[in-house]
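Some structures to go through are shown next.
Next, two complexes with chain A in common: one pairs it with chain B, the other with chain C.
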Partner chain A sequence: MFKKILFATSATNACDHAARVAFDMARRYNAHIDAFHVIGVPTRGFSQVVVDLTTGEQVALDDNYRDLVKEEIRAYYDHQIKPSMDCAIEVAVGEAHREILRLARRTQPDIIVMGGSTGATGAYAARRNITGSTFQQVAKAAHCPVMVINRPAGSFWGGFSNIVFGTDFSESADTAFAFAFDLAKTFDCELLLLHALDITGCQINTLHSQDDIDDQIRKARQQMRFRYISKMRDFKNYEVDVWEGIPFVEIVKYAREKHADLIVMGHHTRKKTGDGEGALGSVAEQVILRANCPVISINRPIPR
Partner chain B sequence: MPEGSLCNKQPIQTDAALKTLLSDTGGRQYYQEMKSLDVDRGLLRDTIEKTCKSRIRTWLSICAHCGMCADSCFFYRINDRDPKQVPAYKIQSTLGEIIRRKGNVDNAFMHMAMETAWAKCTCCNRCGLYCPHGIDMGVMFSYLRGLLYQQGFVPWEMKIGAGMHRVYNAQMDVTDEEFIDTFLWMAEENEEEYPGLTIPIDKVGADILYTVNAREVKHYPEDLAQAAILFHLAGENWTVTSKGWEQTSLAMFAGDWAACKMQVESVYDAMERLKPKRMVGTECGHAHRATVVEGPYWAGRKDGLPPVESIHYVEWLAEALRTGKLKIDPARRIKEPVTLQDSCNYVRNHGLKEITREIIRYIVEPGYFIDMSPNREHNYCCGGGGGFNGIGLYREQRNKALITKRDQIIKTGAKLVLAPCHNCWDAIRDLEETYQIGIRWSFLKPLVLGMVEIPEHLKPKE
Partner chain C sequence: MMMKKILIIEDDPAVSDYLKTFFEDNGYNAFTAMTAQGGYDLAKQEHPDLITLDIELPDEWGPRFYRKLAADKSLKNTPVIVISGLSGNKYAITKAVASLSKPFDRDELLKIVKETIG
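Up next is the complex of A and B:
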């Protein structure tokens, strides 16, 4: 399932947790891994000057500088890149999300792994809304699953054994289910299916009666059986739950309680992501920010 | 040393030569070699005789040295009114001197002329507006650049830029295949949100042929996507060409006359081949100047016009909004103090001053637009025009040149600057980076896309 991994990294400690997972996956699944770094944004029109996103400094870009950056990345991940590992280090210049998508389109990886924040520093990076928005834009447009590790992957010990699949019964959730189920079968994991019933409406006006909530939970369980369980045939290693509350909070809590080492969710491509000010809209994005395990977001069916 | 291996009189003709020059970081060796580059005086004299016609000769001789141009030049104003920054002085002491001496000038003179031509003039042509005789120093500086280029005295980035046009027919190393592939990629990325979005390639007889700036392909393909989406939403019958898609001309900034001709002819060939009703160019000022205003003369077109009617993006956008092809949701109009950068190349030099303001009436809530002062044809250059933005050697002078625009913007109190020109957009970004005055800047496309109403039949089906 993971034969080709695109690990997009700032090569700073902001991506250390992501690196641990990405290189672990490469070793475990014998995959090719491209460690990809976007050096910075070209400035001065057509000149060769680039603002390095990591240092915030202006650099004259040439082959030497590229090689230097590649060397630094290799050194930074030296303890993780095993001699037997099929690993390539790639660098590019441009807007981070655009270059990640460009490379992904060319190399067609099975998964993109990235940190939640590039760790870009300085007013320049902040103004250009680089921090944190890269993964939003990649998750929105990528044609493969995108795994984000934003916080220390507390319950990730290597490999996957407990996968939480969070659903809102949308089309993209169905797509995410197909992937999560595949993953669970392939790697012999427990699949934990959760629907978080959104009762946030009660804060605004109407308080749901408990009967009403129970009724909705019953309906959600039926949906789960109809949409997912019926498709799992003889796969028995699963659990189904419906929790009520604020959806992203419930998903994060559920994953913590179940010691999940992975959350899989759909990502609504049509939903506009923020307004460029770093505001995160969808439930998936909130989960990415808060979960302490890797989160895979999927926005379209994965071709097999 | 007559000719260096990197700095010489030969234009860049091959990809290998381009890469070699590019690998000379910052042009270190290039500028070193320039110090001992010989001036081919015979060639200079012959070129002047052949190409310096009565207009320039008359201008140079009728200049009354009245100094009316001095205050019109932003370089003069920000450099403590240094007399050496008076436009008339700048051109008389360089081009005027070369002609008076019949080309008998030396290396040190050419270095001085190069710095004057690229670091003391952005060819914004503002001085021409204020000269009682109508003498246009900007036009003469463009001519001087041509003489300097021919002799090899041209900033490193300019030589590269002109070389890009010669090798790639584009200002950056973007091939025709990459151009098409990138445009298709953008359609792929947006087709779910905008069902039916396609990129019509090489369609003969379309209403619109759309031409771009290679930087959009290289670094900001979102711009291509936005253009395609807006044409799609407006229901336009449009196309792009697989050859001759680059509207810009760094060759013009560099003074590489042959490359200017070659570049613009590639666009005109596409027009002849695809026979569109009109050409619409992207939000770029110098691209418009190169392809629509000056290009016809480079290509030797007798009527002084491109093969088909060619308009700037702002003209198309204003028309689409005026005729209702694009409808703005009033609730989503800009509701914050906003100002507009008038691009010299299509406002002062091509009269499009009211078109952009018409667009503003559609997209900005009344009361929020604040004009800079001065504005329209009297507006100042962004500070990075004419290639200035890209030249590392003159970075310090360029950053100083941004002060005029910085202060103009600060006075408006606006936090958002509309910059429908690539060069202005860059300069304003750089001035924010350098001086940090807390502004944002934008092309028109992304803003309009955020507020346009999507016709019912073009909405995605749930």
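Up next is the complex of A and C:
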């Protein structure tokens, strides 16, 4: 399933945890890995003068500089790149998310692996606050699953064996389920299916009665059976749960409680209610930022 | 009174020996394992009162070891102290009684051990 990994990196310690997971996956699953770094943004248009995102300095870009950066990246990950590993270092110039997506379109990786926040400062970071960070833009638009490891604690697992699949019964959740199920079968994992029932919408004087909530939980469990369990045939290593609360909190809590080593979710998990599909603060993005394990978000069906 | 037992799971022999001597000098019965599997087997056999756990082990990562421990009824309430040099280690096992970064302060460690198991 993971034969080709695109690891997008700032090549700084902000991506060390993502690197730990990416290189571990490459070794574990015998995959080709492209470590990809976007050097910086041209000062304007097709200018050869580029603001290096790592150093914040303006540099004249030529092949020498590219080679130098590649060399530096190889040295930085030297202890993680095993001699037997099929690893290539790629660099490019431009807006990070756009270049990552461009390379992904060209090389068609099975998965993009990246860190959550690079902790960038200065003008670039200020602009990013408006447009959304790189991982948000990549996760929103990518054609393949995107794995984000935002917190160092998410990188201390080594492989996958307990997968949490978070669903809101949307179409993109169905896509995510297909991927999570494939993953669970392929790597012989336990699949933990969770629906987090959103009870935050209620006002103080219109609190749902517990009977209402329990009814909704029962309905959600039926949905789970209908949408997912029925498709799993003889796969028995699963658990189904419905927890009520604030969805992202419940998913993060559930993953922690179950010692999950991976969470899989659809990215635009909100149904078409017109409330800012994929906007900042969507459930998937909050889970990505907070989880104690890697999170894979999926946008669209994965071609088989 | 029976001496309290501490299991040290640590792959670096220098740290492991240091901890063993340190705990023994302070009146505990300490034993060591270099791997997660070895640690688990020893825990099953000895039922230690406390475990110190490194995050990065040769065969498995600390959180995965803890998951196995937590799934075992007879071991799940064993207090665990994480001792690791990795950044962010205090978030790795949220149910650990404490997380210490290497190099750690031995007085602080002893204080935590005393508070936890006496």
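One rule holds in what follows: the second predicted complex is superposed on the first by the 273 of 304 C-alpha atoms of A that agree within 3 Å, B and C clash if a C-alpha of one lies under 4 Å from a C-alpha of the other, contacts with A are read in each partner's own complex, and residues count from 1 in each chain.
Assume a contact is a pair of C-beta atoms (placed from the backbone, for glycine too) under 8 Å apart; a residue touches a chain by one contact, two chains touch by 3 or more.
Predicted model only: the values in this text are computed from it and were never measured.
Of the two partner chains, chain B is the only one touched by A:P42; chain C is not. Taking chain A as the reference chain, the count of touched residues is higher for B when chain B and chain C are set side by side. Touch criterion met: A:D261 reaches chain C, while chain B stays clear of it.
In the superposition on chain A, contact of A:R151 is made with chain C only, not with chain B.
Once both structures are placed on chain A, no chain A residue is touched by chain B and, in the other complex, by chain C. Contacts from chain A toward chain C in the complex involve residues 16-17, 151-153, 156-158, 161-162, 256, 259, 261, 292. Considering their complex, residues 55-56, 60-64, 66-67, 70, 86-89, 91-92, 94 of chain C touch chain A. Against chain A, the residues of chain B that register as touching in their complex are 22-23, 25-26, 157, 161, 171-172, 185, 189, 192-193, 215, 218-222, 250, 384, 389-392, 395, 422-423, 426, 429-430, 432-433, 436, 460. For chain A in complex with chain B, the touching residues are 42-49, 51, 60, 62-65, 94-95, 98, 101-102, 105, 123-124, 127, 141, 269-270, 300.
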